[in-house]
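Labels run A, B, C, D, E and F following the written order; every chain starts at residue 1.
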Amino acid sequence: MIDRLVIDALAVHRGDRLLFRALNLAVEAGEAVALTGANGVGKTSLLRALAGFIRPTAGTIAFTGPAGPLDADAARRGGCHLIGHQDALKAGRTARAELLFQTRWADGDSATALDAARRLGIERALDLEVRKLSAGQRRRLALCRLIAAPRALWLLDEPLAPLDHAGRALVASAMTDHLAGGGLILAAIHDRLAIPARDVELGA
Amino acid sequence: MIDRLVIDALAVHRGDRLLFRALNLAVEAGEAVALTGANGVGKTSLLRALAGFIRPTAGTIAFTGPAGPLDADAARRGGCHLIGHQDALKAGRTARAELLFQTRWADGDSATALDAARRLGIERALDLEVRKLSAGQRRRLALCRLIAAPRALWLLDEPLAPLDHAGRALVASAMTDHLAGGGLILAAIHDRLAIPARDVELGA
Amino acid sequence: MIAALANPHRFMGFSRVAAPTLGLAAAGLIGGGLALGLAAPPDYQQGETVKIMFVHVPAAWTAMLAYGAMGAASFFFLVFRHGLADSAAKAAAPLGATFTLLALITGSLWGRPMWGAWWVWDARLTSVLVLFLLFVGYMALRASIDDEAKAGRAGAILALVGLINLPIIKFSVDWWNTLHQGESILRAGGPLLAPVYLVPLLLTGAGYCAAFGALWMIRTRAEVWRRRAAGLALAAAL
Amino acid sequence: MNALRALFAREMDLAWGRGGGPLLTLGFYAAVTAMLPLALGPSSARLAAVAGGVSWVALALASLLSLESLFARDFDDGALDLLAMGPLPLEAVAAVKCVAQWLVGGVPLALAAPLAAISLGAPSGAAPPILAVAALGSLAFALVGGTGAALAVAARRGGLLIALIVLPLLAPPVIFGGAAIEAAAGGAPWTTPLAFLGAWTLAAVDLAPLAMAAACRNALS
Amino acid sequence: MNALRALFAREMDLAWGRGGGPLLTLGFYAAVTAMLPLALGPSSARLAAVAGGVSWVALALASLLSLESLFARDFDDGALDLLAMGPLPLEAVAAVKCVAQWLVGGVPLALAAPLAAISLGAPSGAAPPILAVAALGSLAFALVGGTGAALAVAARRGGLLIALIVLPLLAPPVIFGGAAIEAAAGGAPWTTPLAFLGAWTLAAVDLAPLAMAAACRNALS
Amino acid sequence: MAGHALEAGRYALFVWPAYGVSAAGFAWMIADTLARARRWRREARRLEKDRAP
């Protein structure tokens, strides 16, 4: 259970290009950080570095739990959700199949999965093939695993993009509950995050 | 050259589900319409029906030019850009190659293509493989063909989604110029379109 | 040794001296070896074709050496992440492929008069062919990934898989050959090679290996410079 | 015209990326050729017997290997919309795709096929017929396979559909080609089966683009 | 455990639809074996001699089909991120993928192999060894092929590139399998080569997942 | 002696091509390698100079 994320003097390269350096940031339990910045400054790259995909050129990423520092790998495996620009859904499978897989793969169970779908208002689309879903429905489906398989740290890449106002409200309430439950949220976003959040601008 | 789009009593089905019926809408030259509506109500489907991909179940779509009614197919081929949720870019090719192809394929030429890239502020990313571009850079690249290969009717599906504020301003100015030149814009969007536009809510 | 050379600057310093030295040594060894070998009397069995041995066998030996070098460099790159090791692995591949090709061509030029066929499915021939395919696959893979770092790691993984598999391939191919008591008469010479042939063969063999060493170092140096240049160019562009 | 050239260039590029290119092809053939003796044993008589057939099979396999994503990729990333709204009809687009696939994938294979066959011990006299068969056949494979790929784009079980549609269509050219090669190897006249193959390919050239375009429209609707 | 089951179910589902799916593989296999008599002529003696070996090579080639999208699809649509962050290490994920691919693609081939061989004139006594060899071998092919596919994820090319990477690595299993089949056909003891094949496959089971996971991490980084 | 050395009898047809091919192979390797080395050393030096001032 992560209750603190500390980024210290972080520097990330893509190819030979330095995206950012000397980035310091601490996120506490119950806190949401809205990561803003121009296109291509490195928000996605930062999130992927936090999720352990990109090896930083310099600096450290530390996760601490109630019992003190955690092993980064273990912390990520059980304690972190990353939802990127893409929805990671297979067009050929039914929404239900994908939802259940994504949930179970994150150690959730089907009951909570269906609750999540109901909560995000897509239970009626569950029997359609993913390729038939609308963009917003897909995004909602992808977001379901946040609720269905609770993990402390949410790394979200423009989570609200294709959602309508109702959808944004639903996600906002889910995020609020998550924070209330001691979760951490780090979301890259270009306009407001729909919940009170600390703004951190990358490359400012 | 399209200078009027008239939608009359339009009804569209997906599978056996009726998305909307009796939709009437006329777009004049120089006018922008912001198409809003809940997720899954049928915005994308409407745009695709206008572009000629989906056959409506009822109603008519009429394009008129200065010389009176146009043949729908011809009008679409030469007179209409559709930019969907996806960017239609090949991850493995360089941004430049994709830009030039998309432009030439729409009968534009390379000079205007590069101008467009400069105008949307991605000329510096042109030599990267598309898979290395950020989401916003990709969207900018996809939008380039609007400017590089001028066509009267723009059908845009959430064009501003992954763009930063600067990017939105750039696109807004491009849209303004397009309207000033007698173009038509029909854009599905969940928040403001960044230019004065007539709001049409689908399924309201 | 290798740890020391992992530092690019030290490597550049070292190789600036070592490469030319090795090159000269190679020239001397090969020249001497060939002089002796060409002067050697024709083999009672193979006649003058035995002269091919002095360019064929060393090529074959060096080809294997080259794959070993590539695999070792790849290993160091994967484990210790030395960029220099990646440059070295990348540099070794085309050289190794060329030596392999030389072994194949000179071999079949030998085979025609000896076996009456340009090619027979003999164990050694086959394993050399497989070795060649491994080199080609490695280069093809690298060539189709344009992100230097990713290409390096992907190539290194492939090279290691190949390195692990190589002895097995050699064993299996030999075993396969004995199964079919292949039509080859590659027994000519071998261990019981008369000194008149053995000495020049060993000389040219050493010379080929030295030549590979020299070319490998220079190619690695070139790669180091290329990356430096690329970095500077990008820095200038931004 | 300009648009056509642009499309052609792009398709060549993509076909290359799907695994075309002379060097890759030669390597592939060399690998397949090396497999055979390892499985059959080095006895040259046996190898020679299957040489022609195997090089032909390898060609069929190679064409199948790279066909799957001919339309699927463009559909998944939305590029098919773009292609459908361009100045050329979808029929032309589909034809260009297949031609590019053939030029970059098929022709190198066709050129490599005789080499493979001969290196396996086929009589060198078999080279011309094998070349002719391979060149024609690879075009037929590209067109038929392309049709299957286009039909599979919309389908849930894309793969199975490809199989069901492609296999029956693919069998005749495979058979004709095999027959021609065998006839040539046996010194018999090989023009008749070749003529059959040619006729089949010609029919494919005419019909496949229509089918592909229809399938794509269906997938997009 | 729960997660593992979910992953396995998903991979089986995807394997059905992937590439040509089992049907294309089987069809290709059938076409090859059906075409061979043409290329060889009906003279059954020559045919019988190569029957086992050819069905074995055909199996090796057929198992290359539909490998390309084993990892590429998941990479393109972002699912590989998800798989990498699950409760199981990527090594396990890769292994499950290959096993599913094997169950859906390889096992049917293994079942078809004896039929093919016998229909080509192999003695019916050769069926059990061929079945055993084919079952083991197709697993080895799936694992090594998966490694090639994983390496190609980061690359601009698939298809033939994968084949070129993979085929040389397949030399040992092809040799062992071919020897076993030949021995069985000749009535000789075939357990030794089968044991070799088993050992090699076992090694592949151990090592291939490591390589695949490393390749995927590389592609994701 | 030397005369004998360059004498390959009826096998000359195979011996000298073998040596020729080997020579060609070496020539290519050496030329290509040195060309690369020169080219990239120059390039790197040039860019370093550009950056210095």
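Criterion: contacts are C-beta pairs under 8 Å (C-beta built on N, C-alpha and C of every residue); 3 or more make two chains touch, one makes a residue touch a chain.
This structure is a prediction, so every number in the text was calculated from the model and none was measured.
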In this assembly, which chains make contact with subunit D and also with subunit F?
C
Cα-superposition angle relating the copies subunit B and subunit A, to nearest 5°:
180
Comparing the two chain pairs, does B-D have more C-beta contacts than C-D, or is it the other way round?
B-D
Rounded to the nearest Å, the gap between Cα centres of subunit D and subunit E is 22
Could you grab the centroid distance between subunit A and subunit D? Build each centroid from C-alpha atoms only and quote it in angstrom.
44
Quick one: report the Å distance separating subunit C from subunit F, using the average Cα coordinate of each chain.
15
What parts of subunit B, by residue number, touch at least two of the other chains?
85, 91-92, 132
Of all the residues in subunit D, which ones touch at least 2 other chains?
17, 24, 27, 31, 34, 38, 41, 76, 156-158
Residues of subunit C whose C-beta touches two or more other chains:
130, 133, 136-137, 140, 146-147, 149, 173, 176, 179, 235
Counting only contacts in the complex, subunit A reaches subunit E at residues 51-55, 76-78, 80-82, 84-93, 97, 100-102, 104-107, 109
For a test of understanding, state which residues of subunit A touch subunit C in their complex under the given definition.
15-17
In the complex, the residues of subunit E that touch subunit D are 16-21, 23-24, 27-28, 31-32, 34-36, 38-41, 46, 49-50, 53-54, 56-58, 60-62, 64-66, 68-69, 76, 156-164, 167-168, 170-171, 174-175, 177-178, 182
List the residues on subunit B that touch subunit A in their complex, please.
14-15, 37-40, 44, 85, 125, 132-137, 140, 157-158, 161-167, 190-191
In their complex, what parts of subunit C are in touch with subunit F?
35, 38-39, 42, 47-49, 51-52, 55-56, 59, 94-95, 98-99, 101-102, 105-106, 109-110, 112-113, 211, 215, 218-219, 221-223, 225-226, 228-229, 232-233, 235-236
